[in-house]
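Worksheet for the structure shown next.
Think of it as A, B, C and D in the order they're written, each chain with its own count starting at 1.
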Amino acid sequence: MLASAPPLLTVASLAQRIKAGAKVVLPPDYSGCAMAVVAELMRAHVRDLHLVGAPVLGFQADQLIGAGCVARIESAAVTLGEHGLAPRFTAALKTGEIEMWDATCPAIHAGLQAAEKGVPFMPLRGLIGSDLLRVRPDWKVIDNPLAEDGRRDPIVILPAIRPDVALFHAAKADRHGNVWIGIRRELMLMAHASRSTFVTVEEIVDGNLLHDPALAAGTIPALYVTALAVASGGSAPIGLVDCYAPDQAALAAYASAARSDDGFARWLDHHLEKVPVSA
Amino acid sequence: MLASAPPLLTVASLAQRIKAGAKVVLPPDYSGCAMAVVAELMRAHVRDLHLVGAPVLGFQADQLIGAGCVARIESAAVTLGEHGLAPRFTAALKTGEIEMWDATCPAIHAGLQAAEKGVPFMPLRGLIGSDLLRVRPDWKVIDNPLAEDGRRDPIVILPAIRPDVALFHAAKADRHGNVWIGIRRELMLMAHASRSTFVTVEEIVDGNLLHDPALAAGTIPALYVTALAVASGGSAPIGLVDCYAPDQAALAAYASAARSDDGFARWLDHHLEKVPVSA
Amino acid sequence: MPTSLAPAEIMIAAIAPMLAGLDHVAVGAQSPIPGSAALLAQAKSGGRMRVSVLGSRDENPFTDGGRELFDCAGQGRIDAFFLSGGQIDGAANINLVGTGDIGAYPKSDQRFPGSFGSAYLYFVVPRVILFREEHTPRTLVEKVDFVSAPGTSAPEIYRPGGPHALVTSRCVFAFDRGAARFHLQSLHPGVTAAAVRAATGFAYDTPADVPTTPLPDAETLTLLRTDIARLVAATYPGFAARTWGL
Amino acid sequence: MPTSLAPAEIMIAAIAPMLAGLDHVAVGAQSPIPGSAALLAQAKSGGRMRVSVLGSRDENPFTDGGRELFDCAGQGRIDAFFLSGGQIDGAANINLVGTGDIGAYPKSDQRFPGSFGSAYLYFVVPRVILFREEHTPRTLVEKVDFVSAPGTSAPEIYRPGGPHALVTSRCVFAFDRGAARFHLQSLHPGVTAAAVRAATGFAYDTPADVPTTPLPDAETLTLLRTDIARLVAATYPGFAARTWGL
């Protein structure tokens, strides 16, 4: 089994596998964000990423937009939460630098589930009458083909969302490449739906997570994992539930600095200096 | 929180909540089967059940059919596994006593997921050209409405499966009504998809399963649980993974006895004598 | 009657009775006022009410990932939810995307974070309570610039849910789904109907006699400022600090 | 050349090379012969091949419930799977439902357990290997009475997968998807082409020269009877006892 385990890379070499133009699905700030990889993507000036929020985006997206790495955002929201609006996102929309595919949370979950199931679309209730349908020409209203005898029942169908890359951070993996995510099942959905999955973890543990009945229930099997890297503190300053809390001062400092182009540029220089080159 | 916990009943009074004519979804033999409740349903001669296999059925269905409790089976298969064909099922099909809705495993999963998501249908690949479509008029072939410019792309859509009752057995629950199922996520899907969920467990544990990050990942929250009962050994003789093994001798004895009407009748009398009235 | 109620406390006290008798109330992330109201209503129900608070360590019961809240609502298991809007209009349409001509989308004049789950939950949760502290012609507009989620739908549209009321820092509006229109239900202490009219960008009905928003009795206020405040602080520490100095 | 090969061992040895070079082979519950072949092929790959065995404690990697095998196949992550049939016909249609006139459904003459996942997996798994020990005109029929899953599909049908070969206790048939027809690929030791013809209810092509099914060399047979047999015994104890006395 070990021979088929995904490779254990450095953070930088893992980041190098994420190419310009890739469609990358990222978790929300409350799940596991691979901030160490985000730093490497910014350092490498990876271009034209299509970021998908599962289902919303925060600091990761704002930073990548500020660093010029993003061509398109597909998300139900982009926000720094209690730290306010996402300033680089807002600025980039104003300049027209990025394309925006506004969505609603369950539509993104449904699109990822369609990819997970290998079906081309998924139906979803709601949405009809929302201007989201005006700005999302890829979403379509059909009449429910199973509606009772001739009754009209309009319903929206959404295309599958199949990202090239799922990228996230988790507490632990084993040497077989199994990754423990606990109740953060959106990470499992991301891995199932995506062509490749890159994960950073706090630590590699001994044994096999799938052989422990309690841990297995919260584990993404190695067969979905393309490559791993150890990044201790890899989701700082956003934090990782049950491991470390958000660094609110650092997050506030970012939110403040990113309000201007210059402020962001200074923040980025300083940030990349602090993140060691791990090649 | 305790005030909103589902009630803890006896096995018999839990069984009494499952009414004649109910659409009841049951797990396969390798998941958790509430055999103690099945015995009470047979004792009470509950009639006209519509059993849904998630996605296949085994001993539970064969026994309930033999006891005259079943009007319809909806399943991808009915089998006693290494103990052979399901004899009461086979006999009831011959007499026309039960209606049969043959399916295929992923179609049942998809139908339950449609109910879980509150959508009226789910698409599924495959199936076209199968005679299952001839015997399942509720399944329909449509042209994928999102197919590229005019290309024909036939695809099957399946109606949601919304059972009245999900019934299963699990290793443990807590006093809040949360039920631990580990990797047996089909049980969670069943609970999400059904109007009511009845669960027997080996034991009630102290504390709150949702507050333990490892156990929470394999836990069905109490909000989906209608009522619980403690049934130690409640899935014998089929067995419960990590708790107790199948009693192959008892299973073989059933498979042999159930080959004839008389043999089944004797087995049932003897079986209900052994299962104490718990009311 | 207790004195010096915080504006947030008046809103909390106004929302809580709207939840009485419900089985399951869910609250989105970063919604401390609805969250406090739901926890208060739960305490008043003797714990019979289930309250699910997204982003809470102890009050979040979900174990199937980010989709579960929406699936749960789609199953009909959530009786009430809360939505806000950068703009809210008189037909209870809400805008969480941005202001300005939709033809210029996505170059909004002012960009909001995005629609979150509103375009779905507004349709399937029976009792959606709108809340917005800022009650000005800027937030309560005649017609939203972008409909994240519509207040009402044509009869053929599947819609078991929809708006119930709008609670602001000045008053409570009740919503009539048939008429697709708000009416002024109650005024917070010290607020006049004329002041509400001046601060509101949309048309609504005003009954001859508008009562004052019922304020919490002493017992309720004590409960709110002690047990509930402590629960709230676990999920919304900043809000609890600002409101109750916790 | 080892003597006294069990019939099951010949089938295992015939299937294993069909899996060479694949990344991920999945095996259904109660499929000991394909399961043994997959584990043998995995050992031959130096562990590079991933094998997922449903119902196995150690070789089953799935953590998302019963649906995951099918989702995983739909994602294109399963390269080979195995199906059998109560009836299999010359166009590789398989019948897992029952015999007799379909007009009498569900009152089959002989009822089989049901279609399981065949009506889906046959379409989406690139290399489906059919297996059936009993090679008689009763099992290998001209036309199945009920098509659980069709062997081929019209060009407009989404179908990345389909049948690759049919392995029985007598021989190996290869399947040509374009022609929708089997040809005799190899005969197990001691079996004649005429005997296969007499035992087969469907038409197929027979090349002028039909080789003997390659048998395992001594090293492979030792591997099968030691390490692989032990792995197999953990999931299929009855089969391992019958075949290897474990």
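Basically, a contact is a pair of C-beta atoms (placed from the backbone, for glycine too) under 8 Å apart; a residue touches a chain by one contact, two chains touch by 3 or more.
As the structure is a prediction and not an experimental result, all values here were calculated from the model.
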item: Lowest number of touching-chain links that must be crossed from chain B to chain D; value: 1
item: Winner on C-beta contact pairs when B-C is weighed against A-C; value: A-C
item: Chain centre separation in whole Å, for chain D relative to chain A (CA means); value: 40
item: Geometric centre distance via CA averages, chain C-chain A, whole Å; value: 29
item: Centroid distance [mean C-alpha coordinates] between chain D and chain C, Å; value: 59
item: Multi-chain contact sites of chain A, meaning residues that touch two or more partners; value: 110, 113, 117-119, 124-125, 153, 155, 183, 188, 216-218, 241
item: Per-residue overlap in chain D, given as positions that touch at least 2 other chains; value: 62-64, 70-71, 74, 124
item: Chain contact topology (line, ring, star, complete or other); value: other
item: Chains touching one another, given as label pairs in label order; value: A-B, A-C, A-D, B-C, B-D
item: Residues of chain C defined as touching chain B within the complex; value: 23-24, 45-50, 52, 58, 61-64, 70-77, 124
item: Sites on chain D touched by chain B in the complex; value: 29-30, 55, 57, 62-68, 70-71, 74, 96-97, 102, 105-108, 111-124, 146-150, 153-154, 156-158, 238
item: Chain B - residues contacting chain A, complex; value: 110, 113, 117-125, 138, 140, 142, 144-147, 153, 155, 157, 159, 181-183, 213-218, 241-242
item: Residue ranges of chain B in contact with chain D within the complex; value: 28, 30-31, 54-56, 75-79, 81-82, 85-86, 89-90, 93-94, 96, 99-100, 102-107, 109-110, 113, 124-132, 134-135, 152-155, 183-189, 241
item: Residues on chain A engaged by chain D in the complex (per definition of touch); value: 1-4, 115-119, 188, 192-193, 210-211, 216-224
